[in-house]
Amino acid sequence: QEKTEFNVAWSIYVGWMPWGYAEDTGIVDRWADQYGITINVTQFNDYVESINQYTAGAYDAVTVTNMDALSIPAAGGVDTTAVIVGDFSAGNDAVFLKGGESIADIVGRPVNLVEFSVSHYLLARALDSVGLSERDVNVINTADPDMVGAFQTADVTAMVTWNPMVAEIAMLPDAVQVFDSSMIPGEIIDLMVANTEVLDANPDFGRALAGIWYETVTLMTSDTPEGAEARAAMGAASGTDQAGFEAQMAATELFADPAAAVAFTASADLADTMNLVRAFLFDKGLLTPTATSDNAIGIELPGGTVLGDADNIKLRFTTDYMQMAADGAL
Amino acid sequence: MTALTITNLWKEYGDQIVLENISIDIAPRSFVALVGASGCGKTTLLRLLLGQEQPTRGTILLDDAPLPTEPGPDRGVVYQRYSVFPHLTVLGNVMLGPEMAGSRVWGRLTGARKSALQDRARAMIADVGLAGAEGKYPAQLSGGMQQRLALAQALMMQPRVLLLDEPFGALDPGIRADIHALMQRLWHALPMTVVMVTHDLREAFTLGTRIVALERTRIRPEEIARYGAQIGKDIAIWPPRVAGGGTIYDNPALRDDPALDTLIAGRPDSIERH
Amino acid sequence: MRLINQRLSPPALLALKLAPFVLLIVAYLAGSAARLTDNPADKLLPALSSMATAIDLMAFTPDRRTGEYLLWTDTAASLQRLGAGLGISTALALVLGIAIGIFPAIRALLGPFVGFVAMVPPLALLPVLFIMLGLGEISKIALIVIGIAPIMIRDMAQRVLDLPREQIVKAETLSANSWLVVWRVVLPQVLPRLIVSLRLQLGAAFLFLIAAEAISSDSGLGYRIFLVRRYLSMDIIFPYVAWITFLAAMADYGLDRLRRWLFPWSEMEVGK
Amino acid sequence: MTALTITNLWKEYGDQIVLENISIDIAPRSFVALVGASGCGKTTLLRLLLGQEQPTRGTILLDDAPLPTEPGPDRGVVYQRYSVFPHLTVLGNVMLGPEMAGSRVWGRLTGARKSALQDRARAMIADVGLAGAEGKYPAQLSGGMQQRLALAQALMMQPRVLLLDEPFGALDPGIRADIHALMQRLWHALPMTVVMVTHDLREAFTLGTRIVALERTRIRPEEIARYGAQIGKDIAIWPPRVAGGGTIYDNPALRDDPALDTLIAGRPDSIERH
Amino acid sequence: MRLINQRLSPPALLALKLAPFVLLIVAYLAGSAARLTDNPADKLLPALSSMATAIDLMAFTPDRRTGEYLLWTDTAASLQRLGAGLGISTALALVLGIAIGIFPAIRALLGPFVGFVAMVPPLALLPVLFIMLGLGEISKIALIVIGIAPIMIRDMAQRVLDLPREQIVKAETLSANSWLVVWRVVLPQVLPRLIVSLRLQLGAAFLFLIAAEAISSDSGLGYRIFLVRRYLSMDIIFPYVAWITFLAAMADYGLDRLRRWLFPWSEMEVGK
């Protein structure tokens, strides 16, 4: 059904800070006004809670990774469309060891990470890369804000986490970074997703999101005083400063150009990535408790390819809105 | 009128029988002095008369109507303890009853009614010898002063039945004599039946029209729970004292008469010793 | 009859006691049905049948990976931590509370400090706690202790101070020295209150337990709840919450019975 | 010996002067009955004698040595309230003192010493009329029973100085006479000086060797805080009663003699009324 | 002289009271110095100078982005939530606590239910709470209320039940109806206890506030602590924790003064 007021949730993470900046500086309101709608942007400290709220129906759109989009809203029966593919992690997620040379040295250690998160996925891919499996380590669920403190305790010898904690841990004297997301480029993707039903009934909402996003990203990536200003503000909002924030951006493959995002989304690599992700999720029992194979949920890719159950499509990738941005048609 | 009729009254707590088959008629405007050994159930009987507890068996009639099953302003009480409100000053405690009676919503009077009540309350406070302590809280008073305060508080309501549980035990003799005089004056003046528990036989004889002794006839340890207290002695004061009238005891000139003491001193054994 | 004197028949009492629970369940069922009509895969208010499946999965089906029955291993892990945390807190409350309450010098030394510590929000200091105590069991137990012990200590100290001074003096006239005052007069009188104090802190103890397990753990009731919260698996969370509530209520009830049984006199004093 | 010498004693609470310049010599083995209006400072004086509070000015000597500044087993006490330990049974309460005196670490005796003590305790419990209640907790006793228990508890220690604060107010006359007899027997038998607060002049005359009245001479409201109580009357019993000896009052045959009552009845005004 | 009767001189008292605080500071400085020697970039126990810089930045330098002084906006935001949460809890405790304590029917109806709710760990139900109440201020206030109100209600009800029955009966003989018993006898006597109860819950209230702000917020003391926790910025966390502790201690002290001032008689009853 058509409506004019939309709720968007975002959480504090380098690839999503533009949403907060856009809200603060009036970019959101400008685009919303252009389409005659209202967009309320809510900041979350707690990433999981923002997705839960979206899944429960309190929000129309949320910032999320490709993996969590599949395992939480999609598995929760909420038909979800990725409106914007914002970036992928190229070093933002990393595996650290204390006293070790390579990822193979992780064998037999307890590994502290946020269980079932992209860190867990990264660990699985890292172990895979040297022919190990999760049975060779012992996973300990650890809350993300406490990672830096936790790494400095004696019983922690291996850890997987994301930025900004990665940057902090990298500075610690005994931390060795043995694997990071730049070694699996394009597999950990940060999205802005929206409820498919809402989006289909209100395409203007999607257009406004795309408009907001590319205006802000263009600004923040520009090498101008305004761009620097924006990066400083986002740094402050995420609890660090401009330099710290720029360091995090360096580990993020941000699609400032909508055409690049379209190309990435439309490429065949996305199917490979999503196949890896759904296999991982099924293995962990996260695709829905009753799933009998990784085909339980359908994933629609741009161009109409469907991975998994075509009668139960719950996650859709589309290039429509990014294409409009690329075409200047917003 | 204010007659109390107790018929075949039993009170048990769990297995323990406290009062066993008590029957007694109390005439209107009597002043019953209830005596009895410590722990024999005097307080329990008062609680029943108050409606605070219900008899296990038997009935209590007040003027031939069943006693209300809850306490009310027609029956006033002064307990052995806990009788005053710690959060109110002396004046506040004494005014509380009439305030609540006069204002059913806020429980506070204003204007002329308030000052009239204050005057009455101050007079009552002076009567019980607490003049000067109007602004104090109960925690600032000694035990005896608290008891007098409780009495003043109860008297303000002019109850039809006044139940007193050892009210004057903590008073020194001087004050006690004053309070006795006050009690007599009020009892003569108001249509009030009084039941007073006391350990002091002199007091019982000074004030009472009738002395009722509760006693347990079976006091071997194994019997204590199985048998309750019953009415042992029931002595009418002679010559009779009548509300509004007087007896020789009430003649101030005679109050310290040795004859009175002889009378009292001769009695304890018959009433108290088992 | 005044409302305050109302005497209710046993069936009326029972009906009144059950009413809010029945209402809660009905409200849940209605809400759940409404949401499931909208989205059959809704996870926020799952149907009772999904919860039953989840309970079966957690409590009666061995875990695929470890072969353990998750609910029971979680419960055992949590109860061990809770028991240790409560035990240490109780011991501290007993020793320090009595010492603060009865010895003027110790009261001066520790009274204000304990009052200060009781005001520190422990969750905010977790990193320091971790570094000092590691991420293992000790820091979880320590979080519970830091969270509840200061409050219990203050409560005990206050109870000791509340004892009528006359009792202490009386004991001295009965030849007690300081130690005997503590041992024969103060300690036995505050023990029942210690149990009451413990009961009052049960809720907080579970809270800190869950918070500690949410930070870093690989088993425990709080761990499981926060893990599956990631997938909004309310079908698991609700039964777990109910189970925690049940455990806490049982502990509460058990402690109260224990007090009555150990200290029959403490019951008689009520309302005296 | 157990002489108490109070010299120029003042006690103030903040601005309020409670006791003003009290001096009194109490001979060894006296039995001082302390009387006085409610709130005049009797309990305060006992607290000072106990060492529970310190005088603002002045000195108290016990056998010419300064009184210890804290309570100890040489001075026993029965308070108006809070005198027994709620967590101990009657037997436990009575045994507590000797147990703590005999075992400085655990405060408990074992074996033969324990059974000997138990026997003593049971005898003492029976003496105060609580036989059969050994296993009860104080909350299960009436106020009067609790006071008797407190007395038994204090007496077990055979203190040199025994301080009693209205100990028998809640007793009925029968029990009271028994307790009086017990008190006299013990006082004769033990080297003990007794200071007893009472409101009952008959009791004072029955037991005391000397009656001391505390009184405030200034009682207008604005004066109350500024002036404390002083010693008003100080009457030695005549004929003198001597510990270990006796007077005519102690002759049981004479105890209810009207002459005694005359004596008492004649006095209140001189002692109590201002 | 027995230790329990020790009378300390005012300077000795002061020295004892300050000792643990001095010790804590010295221990911190030593620990900090040791860690900074090992690793000059250590963030766990920053030097006092770094904390001073951080305090200056947070409290006395306008934020680059918003131009606000962060510490003060955080404090204002948190105190508003806290005030609302405590206010609502207090009102609920007063109304429901008294009703449960005095009316047998309401006691039957709500007594067991409140006891049950008091045992539910509120943090585990956060998702449901947020869905029902949204993520605005309401849900943060609600978390505080859900966390502390049941305990306060139970405490109040118990206090009402603890009033000697004789007092209620006495009021009835003074012509009170149910309402007047509540209004003139029960309410004034439990109000001081309400303040005590509120003081006891201050720590828990801050805990829930911080937990709520950690989930979704854009200002507040708890928000800031969790934001900078990712960077282990203890130079900001320590001053914030100290500030929270100070605020809580002030509230505690202020409430106690308030009670003494409003209800002078409640002080006199102590130890009676």
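In order of appearance the chains are A, B, C, D and E, and numbering begins at 1 in each one.
Convention: a contact is a pair of C-beta atoms (placed from the backbone, for glycine too) under 8 Å apart; a residue touches a chain by one contact, two chains touch by 3 or more.
What you see is a predicted model; the values in this text were computed from it and never measured.
Colleague: Taking contact as defined at the start, I'd like the list of chains shared as neighbours by subunit A and subunit B.
Modeller: Correct list: C, E.
Colleague: List every chain that touches both subunit A and subunit D.
Modeller: Touching subunit A and subunit D alike, sorted by label: C, E.
Colleague: Taking mean CA positions as centres, which chain lies farthest from subunit B?
Modeller: A
Colleague: For this structure, which two chains share the highest number of contact pairs?
Modeller: Answer by contact count: the chains C-E.
Colleague: If you average the CA atoms of subunit C and of subunit E, how many Å lie between those two points?
Modeller: Whole-Å distance between the two chain centres: 18.
Colleague: Nearest whole angstrom, what separates the Cα centre of subunit B from the Cα centre of subunit C?
Modeller: Chain centres of subunit B and subunit C, defined by C-alpha means, are spaced 48 Å apart.
Colleague: Just give me the whole-number Å value for how far the CA centre of subunit B lies from that of subunit D.
Modeller: Chain centres of subunit B and subunit D, defined by C-alpha means, are spaced 29 Å apart.
Colleague: Which residues does subunit E have that touch at least 2 chains other than itself?
Modeller: In subunit E, the residues touching two or more other chains are 2, 44, 126-127, 131, 164-165, 172, 177, 229, 232, 272.
Colleague: For subunit B, write out the residues touching at least two other chains, lowest number first.
Modeller: Touching at least two other chains: 70.
Colleague: For subunit A, write out the residues touching at least two other chains, lowest number first.
Modeller: 52, 56-57, 146, 148-149, 152
Colleague: What are the touching chain pairs in this one?
Modeller: Applying the touch criterion to every chain pair yields A-C, A-E, B-C, B-D, B-E, C-D, C-E, D-E.
Colleague: Of all residues in subunit C, which touch subunit B in the complex?
Modeller: So the residues of subunit C touching subunit B come out as 1-2, 5.
Colleague: Going by the contact rule set out above, which residues of subunit A touch subunit C in the complex?
Modeller: On the subunit A side, the touching residues are 48, 51-52, 55-57, 71-72, 75-78, 112, 115-117, 138-143, 146, 148-150, 152-156, 285-286, 288-289.
Colleague: Which residues of subunit C touch subunit A in their complex?
Modeller: 38-44, 53-54, 57, 64, 126-128, 130-131, 134-136, 214-218, 223, 226-227, 229-233, 235
Colleague: How about subunit A: which of its residues touch subunit E in the complex?
Modeller: Touching subunit E: residues 12, 24, 42-46, 49-50, 52-53, 56-58, 144-149, 152, 164-165, 168, 171-173, 232-233, 236-240, 244 of subunit A.
Colleague: Which part of subunit E faces subunit B closely enough to touch in the complex?
Modeller: So the residues of subunit E touching subunit B come out as 164-167, 169-177, 179-180, 183-185, 188-189, 263-266, 268-269, 272.
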